[in-house]
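Below is one structure, written out as structure tokens; the observations come after it.
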Amino acid sequence: MSGSIYGNIFRISTWGESHGKGIGVVVDGCPAGLYLSEEMIQPYLDRRKPGETKYSTPRKESDTVEILSGTFEGRTTGTPISMIVYNKSQRSKDYSDIASYFRPGHADYTFDKKYGFRDYRGGGRSSGRETIARVAGGAIASLILKTIGIEVNAYTKSIGPVSIDYRKCAKENVSLSPLYMPDLEASAQAEDFLNNTMQNQDSAGGIVECIVSGMPVGIGETVFEKLDANLAKGIMSIGAVKGVEIGAGFQAASMLGSNNNDAFYLQNSQVLKKSNHSGGILGGLSDGSEIILRAAFKPTPSISKTQQTFNVMGENIDINIKGRHDPIIVPRAVVVVESMVSLTLVDMLFANMCTRMDKFTEFYR
Amino acid sequence: MSGSIYGNIFRISTWGESHGKGIGVVVDGCPAGLYLSEEMIQPYLDRRKPGETKYSTPRKESDTVEILSGTFEGRTTGTPISMIVYNKSQRSKDYSDIASYFRPGHADYTFDKKYGFRDYRGGGRSSGRETIARVAGGAIASLILKTIGIEVNAYTKSIGPVSIDYRKCAKENVSLSPLYMPDLEASAQAEDFLNNTMQNQDSAGGIVECIVSGMPVGIGETVFEKLDANLAKGIMSIGAVKGVEIGAGFQAASMLGSNNNDAFYLQNSQVLKKSNHSGGILGGLSDGSEIILRAAFKPTPSISKTQQTFNVMGENIDINIKGRHDPIIVPRAVVVVESMVSLTLVDMLFANMCTRMDKFTEFYR
Amino acid sequence: MSGSIYGNIFRISTWGESHGKGIGVVVDGCPAGLYLSEEMIQPYLDRRKPGETKYSTPRKESDTVEILSGTFEGRTTGTPISMIVYNKSQRSKDYSDIASYFRPGHADYTFDKKYGFRDYRGGGRSSGRETIARVAGGAIASLILKTIGIEVNAYTKSIGPVSIDYRKCAKENVSLSPLYMPDLEASAQAEDFLNNTMQNQDSAGGIVECIVSGMPVGIGETVFEKLDANLAKGIMSIGAVKGVEIGAGFQAASMLGSNNNDAFYLQNSQVLKKSNHSGGILGGLSDGSEIILRAAFKPTPSISKTQQTFNVMGENIDINIKGRHDPIIVPRAVVVVESMVSLTLVDMLFANMCTRMDKFTEFYR
Amino acid sequence: MSGSIYGNIFRISTWGESHGKGIGVVVDGCPAGLYLSEEMIQPYLDRRKPGETKYSTPRKESDTVEILSGTFEGRTTGTPISMIVYNKSQRSKDYSDIASYFRPGHADYTFDKKYGFRDYRGGGRSSGRETIARVAGGAIASLILKTIGIEVNAYTKSIGPVSIDYRKCAKENVSLSPLYMPDLEASAQAEDFLNNTMQNQDSAGGIVECIVSGMPVGIGETVFEKLDANLAKGIMSIGAVKGVEIGAGFQAASMLGSNNNDAFYLQNSQVLKKSNHSGGILGGLSDGSEIILRAAFKPTPSISKTQQTFNVMGENIDINIKGRHDPIIVPRAVVVVESMVSLTLVDMLFANMCTRMDKFTEFYR
């Protein structure tokens, strides 16, 4: 079944494998009149580009985006926007031996059983390069959000044992850290931890936190299409994510109602909350506070350390995975998390436009 | 926009408010030939029925399900199955004062802003009674799963500070605990904790864990329709859920790749794993191990303790919520979690039937 | 697969069989704030009710609609509206013999082969009673359209050999004709034709034309979600419809471009067309003219005349179908056509609200 | 809203404008294991290529397809197949004047009103070149159908006043006629008619008939997702189509039940019908006979003859459209009709795999 399409009203359709000709996305349902150019999308892609620091795979890719359709004289026309990023640096031979066995923590075995065979070159469709399409599509979503003052910002909250408190950091430090961790002291500690991990031929995981400011109240649909439900799906669909939480998240489970409830109050006719354990979402609808969510990423499954598995001959074997791998996926995943959040928000903002008769009659007056 | 429909191939459409005539669900896409009767569905509903223990609202409801369509001579016909549970015990006057203010932790404010007004009686559509429809639909999904040996079992993993390890409990103890917590000693402790909480006019939260056994390998679709992505959406769409995790979940974020990867091995031609940090899902596809997921529930927002909020007159006020409320939602939510998991699995099992040419040609041979 | 759900943003989910407990529909995605009561829906259902004239089945049904959810204090709340019409007059014994054979022109054989068996009582789910749900849902759509001045009116254009020209009739005559044919002279001729047909134990078909006035320009989405494409699906999904055409329709195939093109002109700053061969739709989008479409209905397949078929024993047999049948479906289908058109238009009007950045930023300003 | 995605389980997402960089399609949901290469798709595209005869636009395009993803070692992998056809022969200056006015019969006016402006170069997204994506996607659908013996064949049934009876022609003559009209005598007459039409600076329309053989019984879903309903949508979504009919179609409206019903009979245990007025579809499900449908195409709206319209200055003006246009769209549309039929059939064949418990348990045994 179709699995590479995301969204209902604002939809992206993605394609491409690690070692195919490229990675691409078709954005269908983008409204007409958005100023758009490749220059506006490229910075988002640059943030997930490999080879930027020693904590990402040394595979060199420029990952330059090209817009193939959907714009005219610098603006979107309301028709599908097709974007492509060509693969440049596929070294297929690096991956030739993994055709014969099933890497632990990877999708090799499940793909093989599902489809009968697999494109084993660099993980094929289950490669992290697939996220290029999410980021290119997410960039457009982000540009749409900015027109109404919504900002989506993610950062590295933890790497291995090193964790930070965003409230105590200068937001702009994010770009100063090679790990997108705005507490620069902690970032340095995390670097030490990663250097050590790499020396041990091992890999690490971490947590990305995403904060959305400027949300109107009431976005999300009730029951199954709740805002948090859709955010959870979007985030969990990113490879390597094993957990998602909103606001107080798993901590809420051990709180009391009197602590967890966010008291409302009015100040200068504005509705405010004394805390934000809800993470900006009540009853599946945005409540006007910042949306706060966290995604837990498992360690990169590709490690050089010896591992046990079985091969296509039906033998139990020991393997050492070679090739160019990220010791940690988290820093490059920061922009991917932002992308999935932005794509989800735009879709739900449009859905919300269709929920009131007074707005409907005003629109068609 | 439409928010009360769930699924793609196997779909449920739900309706009903706390104080309306009833709660219902239409199951569309149920295959023909499933043995089905009201007696087979009722036990699922009985598990979420209020008034069973002192830890749930004393509102008395029989919550008896009636099948209105879709079966013939004891079997499903392939056409929509409409089910209804009539509301019996609506005491609207209990809720009359909440029309005037916005309860913290509830959807009152967000509904009002979204729709311009709200059905304030008992929470209207955002009431927990909405989950009746999920459970009735989920019961059918569960019956479908059983035909191929898939079992979905959830239980209360934690309540407030009391947490248990399922691996050390006898599974059948679940039904012996009024809290659906199979470690009976811990269950008693949790009861003490809840009694104390209730005396303090407060409420508690907790964690539900769900375990799926008997899954074939390869279920789930790649990229956006991953099995875990859809499970996350289904679970997060349950009111009061603030977090979802699969397998090692948030703990995976602080593990090393060498610990987190589950080593594969062959035993008597069977593919096994030495651990199950993946929670039964690799690359978004089931890997043949047990699926393990956890949902974090916040404390019930309705508490009798004094709280701060504002009212429709634009005044900051103190409130004490009266009425019949659950001091904790978790035990009654256990079957709701099972239901969302079952609904999601059935939908994805059908999706998986359409992914291979050899299966297609065999089907139409 | 799910087949009983219609629409994307404004969705209906229908259920029910001819001889089950009732027929129902859940309308999901209806905006909040629409004034709605059973009295506003009933007149639509009364127009398709059986037993009103001698040209419809004498089965007596009051077909009274009951609203079960989704309204509060006389207005819709934005949550699902569940409606039910109970079956009163099921005489199962009338249908007992049709269990043993496959009626020509009916879905008996195809249902049996698809599902392995069928609910043979009165056609089960493929009975014309299924359209009750379309009409109840369509009534709500119609009420929504009226708030912005859109009127959807259908009538009987032809019955057997008798055909009329709507432009030459008084519109209000529709309700004076038992056949919903506004040319009363032709209507009387059609009655004669039908009387004759009934005496011959035969049945007749006809054409329904539907005219939509008050449409804004630009409704419909490009490429696959064109307005005419969705109208064609909605209309063709009505049982017994074998053809759909828009504007000049099949006649356009034999016209020249110079005749078929509708010349534009401006009059008092209004864009007008000198003709309307387009039927109000250009490039899949409404052009501001009246939308004109026609649906061809085949004769009722149930006839008393002797017919050839085979039975479940594998024998070729002659049959005479007994029971209460419409000699023609067309007059009762008029409101069903209107319903499908209204449902489609509302869905596309909402879709159109999400297609321009300027509208988006204005909405969220 | 998203309008360029078609299908539910087997989905295509299309993009591209007449004068952009190219036209493309992403096929999502294609099963793994289909043998596929560019050489297998190209013949389908060649049949709609312009410049092949004097009855199509002299614009010269090779329209060569390139596969960018989704295959590995000559077979599909179950992941999205992205295909692109680059535009080579855009002569933008030809179209520069049409920016200032609204062509009758075209989507200029409706696009402009919907989106606020339009890509006026060659019709932008509403250009007939959009159908390249349908044909490339349809080719894959067609290859899937062939694996189970389903053949989809369309031909030109009428052009202007010249109409043929397919039953009296040799099927293989289709490819001998420059107009895809298998009655070669009639084809010659139609050529005369077209030559005359072209001399008069005018254009013509016609009818395409499509015949599907080898269909299993029971394909299609009941109520709204009927096979004929989806075929009608697919066909009507093709630009210039104004009518669709199945089997006896509009003629059925004037038949009697006793004539229109197709008598069933058994011959050597095979279920056969004495006629095929149903066009192979009963109750929305395939009945095992040939599926027969017809699409009515209006004349090409671009004609050199003087026409009346208005311009962006708000003036009523006379225009003569210059540039390279097809005097008739029908012959090139034959393969487009086949494509939409094939895409629809594949999607519904997959849907049908999910409708019976016995098939489900067999699949997962």
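Think of it as A, B, C and D in the order they're written, each chain with its own count starting at 1.
Throughout what follows, a contact is a pair of C-beta atoms (placed from the backbone, for glycine too) under 8 Å apart; a residue touches a chain by one contact, two chains touch by 3 or more.
Everything numeric here is computed off the predicted structure, so don't read it as measured data.
K.L.:
Counting C-beta pairs in contact, does A-B beat B-D or the other way around?
P.N.:
Most C-beta pairs in contact, of the two: A-B.
K.L.:
Suppose you list every residue number at the subunit C-subunit D interface; are over half of them used by both chains (same) or under half (different)?
P.N.:
same
K.L.:
Using Cα averages as centroids, what's the distance between subunit B and subunit D in whole Å?
P.N.:
Distance between chain centres, rounded to whole Å: 45 Å.
K.L.:
When the centre of a chain is set as the mean of its C-alpha atoms, what distance in Å lies between subunit A and subunit B?
P.N.:
26
K.L.:
Which positions in subunit B touch two or more other chains at once?
P.N.:
In subunit B, residues 1-5, 8-10, 14, 29, 32-33, 78-79, 114-116, 125, 222, 350-351, 354-356, 358 touch at least two other chains, as defined above.
K.L.:
Hey, which residues of subunit C end up touching subunit A in the complex?
P.N.:
It is residues 8-10, 29, 31-34, 76, 78-79, 144, 147-148, 216, 222, 349-351, 353-361, 363-365 of subunit C that touch subunit A.
K.L.:
Provide the residue numbers of subunit A that touch subunit D in the complex, in ascending order.
P.N.:
1-5, 7-11, 13-17, 20-22, 24, 26, 28-29, 32-33, 68-70, 72, 75, 77-82, 84, 114-119, 121, 124-125, 350
K.L.:
Enumerate the contact residues on subunit D facing subunit C in the complex.
P.N.:
Touching subunit C: residues 1-6, 8-9, 14, 102, 104-107, 109-111, 113-116, 125-126, 130, 158, 160-161, 197, 200, 202-207, 217-226, 228-237, 239, 241-258, 260-266, 269, 271, 274, 277-279, 282-288, 296-303, 305, 307-310, 314-316, 351-352, 354-356, 358 of subunit D.
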